[in-house]
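Common to both upcoming complexes is chain A, partnered first by chain B, then by chain C.
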Partner chain A sequence: MSGGDVAPADARALVRAALDAIGAALPADDDAPLGIDSFSIVLLVEELEAQLGRRIPAREVRRERFASIAAVAALVASLKDALA
Partner chain B sequence: MLSWLVGKAQEDDLALLRPSGEGLRYRDLAMAVAATSAAYTEAAGSLVGRTIALAIADPAGLLIGLLAALEAGATPVVIDVRAGRGLFEQQLARARATLVVRHDTTDDRLTLEPGHDDPRLIEPEVALVLFTSGSSGGAPKAVALGGRGLQHVIDAILGYLPVDATARTPIVLPMSYSYALVGQALATLRAGGAVLPLHDLGFAGEQLAAMTAHGATGLSSVPTSLKILARAALELPPETRPRLRYVASAGAPLDEATVALVRQAFPGARLFNQYGLTEASPRVTAISDDEAAFARGSVGRALPGLTVVSVGGYGAPLAPGDGGMILPPGEIGQLRVSGPSVMLGYLDDAEATRRVIDKNGNLLTGDLGYVDGDGYVFVTGRADDTVKVAGERVSPAEVAETLSPTPGLGELIVLATADELTGMRLVAFVAPAPGAAPGLRTRVQERARELLPPAKRPTRVVELETLPHLPNGKIDRVALRRMVELGG
Partner chain C sequence: MRVFRPRGVRVLSTGAALPAREVTNEELAALGVPLAPDEIVRLSGIRARRWAAPDEATSDLAAAAARQALARAHVAPADVARLIVATVSPDRLSPSAACVAHRALGLGRAPAHDVTASCSGFLYALDLAARAVATGEEPVLAIAADIRSRFLDLGDRATCALFGDGAAGALVGGGARDGEGLVAIGLEADGSGADAVYVPAGGSREPASAETVAARRHAIKMAEGPQVYMQAVEGMLDTGRALLDAVGLAWSDIDLVVPHQPNRRILDRLARLAGIPLDKFIVNVDRLGNVSGASCALAFDEALTTGRARPGDRILLLAAGAGYTAGAALYVVDDALTAASQSV
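And now, the complex of A and B:
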C-alpha cells in the first residue's frame, strides 16, 4: 500500500504503543492532531525505529507525516511494505 | 546595549527571518524594535529599571521583543514557553514584570498585558534575565546577566567562530536557551549577519532544506540535534546540503560518533567544541578541530578574559562562599570560572547565589573536570545528580519531587539511563499506594506532561506492584536498571 492509504490496524496499534511508551498523550481518535512537541517527535521516531528495526529516513519525518496517528501509521505501513 | 549590538550592521543587510519567510533588513528590524518599544512605553510608562517578561514562542518575535525591551531601558526576562504549566507560572511569578509580552500566532504580532501586582525594580546593570533549571527543589533559577559580561562573551565568541556580516546563522534550538539567544542570535546581530530561526528539532529534513534555501553559513547546536541533522544531511546528495563554514557543539559531551557523522555530512565545515553555562553568559571555552586536544575530548581553553580552574576534590562539597583550593594540572575537581561574564546572581535567591559564587566572585559550575598543563579544559561529569538530556540539564530527583504528589502513588524512583540519540533519558518506576485506584501510570504521565518541560519528562513510566528493595530498605536501583537494559 502507499503511504497515503488507510493504514492497517496493526500499524495504528504500533503507533499508539510507541506514543504510550514515550509518555505522550493519546489523541481522542486516530485522525485527531497528535499535538506533541518537537522533542517528543524525536523520541517517537526513535521508538518507532526500535520497534521496526530500521531507520526512518529523515525525508519521511515531515510535519504532515506526523500530523495524526493515522498519518504516522500510514508511514509505518509503507516502511513495513518496503521491508517485505 | 542595543546600539552596541546592532551598531555595526548595514541597514540594507538581512537581519532576521520571520516565520512567514519574510526577511527583515536591519532597517526594518530597527523600525520594528522602535515601534514595539514605543508600545511598551505607551502601555506602562517609563520602564527604566523595570522588567518585561517575554513569553514568546516565535523566536523572531522573541528577538524583536527583547531588543525593544532594551531600547525601552527595561530588563528583558525570557520565559521558557515550552516549560510545563507549573514551571511557566513560576517563571512568570519570579519575573515580577511590569509588562508581559506574548505572541499572538493568529496574526503573528506581539500582545502586551499588565504584569505583576507588585512589579520589581531591578538594578540597571542587569541587562538580561534567563531561567535555568534548579539542581534540586524544582524551582527555576532566574539568572541575572550583566551587560558588560554579555558584551565580553559575544565579542569573545566572534573572536573564534567564523561569524561576520555575511553570516546566515540558523537557530535550531529554543531561543530561550542562552546558547541560542546570546551565543548565536545576539552574536550574529553584533557581527551584522542574519539570524534564521528554524527551531523544530523533530523535523530535521525541513531544517536542512531551509538552511540550504537561505544560505546558512554555520550551525551551532547540542550533539543530539547535530547527530539528527547530520544523519538527515547524509540522505541528501552533497550538492543539496547546506554549505557550512562551521559546525559548533555545546551543551553536552561531543562524542566521536557525532563528530564522524558531522564530518561526513558537512565535509567543508570546521568543527568546534565549546563549554559554557547560563550563569557564565554562557560561553566559557572553545576549541576547533585543528587543535590536537579536540580529538582528546577537550572543550578548549578559556576564552580571552576568563579563567577556568579545577578546585576542591571529587566528592568534597564546598561550603557556601568557599571557592575551594586550585588543583594541579590534570587533577579532577569542580570547574570554577572567573571573569567579567560571570552572572550577577540569581534573582531573589541570595542563598543559591552564595552556593555558586564565592566571596571573590568566582563561579562554581557544578561540573567536574580538569585543566591540563596547556590550559585545555576537560569536563568529566557533574558534582550533583543532574544529567544532560538532549543538551538540557535535568535532575532526576527534581523530576521525582514534581511527580510525587500524583494521587495513589506509593513509591517512585526516577533513573537516568543512557540513550544513543539524546545522551540520557529518564525512566520512572512507580508502585501504587495500598487501595489506590487503577491507572497510576497514566496519572503519572499526565502529571509529567502538565508540569514538566519535554526533556524532563520520563520517556518511560513503568508501573510495578511493588518496587524492589535492598536489605537496608533502599530501592534497588541496580535491579531496576537491569530491568531497563532487558527492556522490561
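And now, the complex of A and C:
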C-alpha cells in the first residue's frame, strides 16, 4: 500500500515527527520501505497515539499499514477522518 | 460482553506448579536464538522462564497444581465434583489432559475435560467452574496448564523468547458471603484473530507429516506481532472496563490487578491506559515469561501466597489471548482464602 495522495501533507509530517521521536531512521522518500521491526511499530503506534490524543485500534495495526511513511500517513488520515 | 454475577461462589484455595528448570536469556542465547539477552529484556521485559523437563507433560503440572490447591483447602481428591483443565498444549490430541490428570489425582468418577482458550484459559475455566458451582456441583478444580516450550521455533524472533511453562488454578466452591468471592466474570471471543497466534499443523486442517515437521509447522506462529500486542492490551482493557461498568465500579476502586503476563511492555501500556499505577499490578513476566493460560492463575496464586492480596481487597483478573479471546473477573478476597493460601 503506497498511500499515494490519500494522506494530507500534515499527516506525513506528523508521521515523520513520530519516527524522529522514537529514534527511527527516516527513509529517502515517503513511499520507500520504513524497514522498522515489530517493537518499533509498537513504539510508533504509541507515539502517534500521544500526538493524536486517541487510541489506535488494534485491528488497524497491521504491518502493511506501516510499510512506508505514506502508508502510515494514510492510516493517520483515516483516523482523523473518523474523528471529524 | 455478558457478565455473569454468581451468588455465593468463592475460591477455596489456589495451587501452582512450576518446572524446576529456569532458562535465562543468556541460556537462550547460547541455544542460538536470534536475539541477544538484553534485546529480549528491551522487547519483552522477560529475563527468565521455566521449561518443563523432557519427561514432564502438561497433565503432570496440572496435577501438581491441583494437589496443592486440594491440600490447602483440606479437600480429598474423591470429593472433587469436576476437573477443568485449560490448556493449548495437552499431553496428546486425545484424550484430554484433564483425563490424564484425573488419573494421577484419583478423582473417582468426577467428570473431567479440557477447555481451550489460549492465554485466557484460566478465566474460561473459572467461568465454567463458577457456573457448575452455581448449579450445585462443588467443589470444582479449575486449573490452567501449559508447556509451550515444546512448540517453539528457536529461530523465530517473534516467539522464541516469550513463552514459559507452568500450571496454576483454583478449587472453586460455594459459601461466599455477600459481596465476597467471585463477584462477576465476563468473557469474549473474536474469531477474526483466529490466525493471529497459532500452531498451523498437527490438527485436522494440516495433519502431521514429514513435511510439516521439516517446515516447523508445529511451532507457534505470530506473523502480526504488533497487532497481537495491541490486541492483548485492548482485550484486557475493554473487558475490564465492561465488567467494572456492569458492577458500578471504576478502575480506581480496584486494589490489585492480576493480569495475564504476555510481555512487560503490554502491562506498562495497560496500566497507563487504565490509569492505574503499575505497583497495583502483580507482575511475574520478568521471572516466568508468558505461561499462556496459566499466567493469570500463577499471578493470582502469587498475589495470595505472598500476602499482596488481603481480606477485603477487590482483585481484577484480566486475560487476553489467541483466538482472539479475552476475559475479566472481579474477586473480593475473604479471610478463609488468605488463610488457606498461607497454609501449605
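In this text, the second predicted complex is superposed on the first by the 79 of 84 C-alpha atoms of A that agree within 3 Å, B and C clash if a C-alpha of one lies under 4 Å from a C-alpha of the other, contacts with A are read in each partner's own complex, and residues count from 1 in each chain.
By definition in this document, a contact is a pair of C-beta atoms (placed from the backbone, for glycine too) under 8 Å apart; a residue touches a chain by one contact, two chains touch by 3 or more.
Just so we're clear, the structure is a prediction, and the values are computed from it rather than from any experiment.
Looking at the shared chain after the overlay, A:V45 reaches both chain B and chain C.
Contacts of A:I22 after superposition on the shared chain: chain B is touched, whereas chain C is not.
By the document's definition of touching, of the two partners only chain C reaches A:I56; chain B does not. Residue by residue along chain A, chain B and chain C are tallied for touches, and B comes out ahead.
With the contact threshold set out at the top, residues 38-39, 41-42, 45-46, 55, 57-59, 61-63, 66 of chain A are in contact with chain B in one structure and with chain C in the other. Those residues of chain B that touch chain A in the complex are listed here as 82, 199-206, 208, 224, 228, 231-232, 235, 390, 419, 421-422, 425, 445-446, 448-449, 454-455, 457-461. Residues 42-43, 158, 192, 223-227, 229-231, 233-234, 265, 269, 273 of chain C touch chain A in their complex. Within the complex formed with chain B, the chain A residues making contact are 21-25, 37-43, 45-46, 55, 57-59, 61-63, 66.
Interface residues of chain A, counted against chain C in their complex, comprise 38-39, 41-42, 45-46, 55-59, 61-63, 66.
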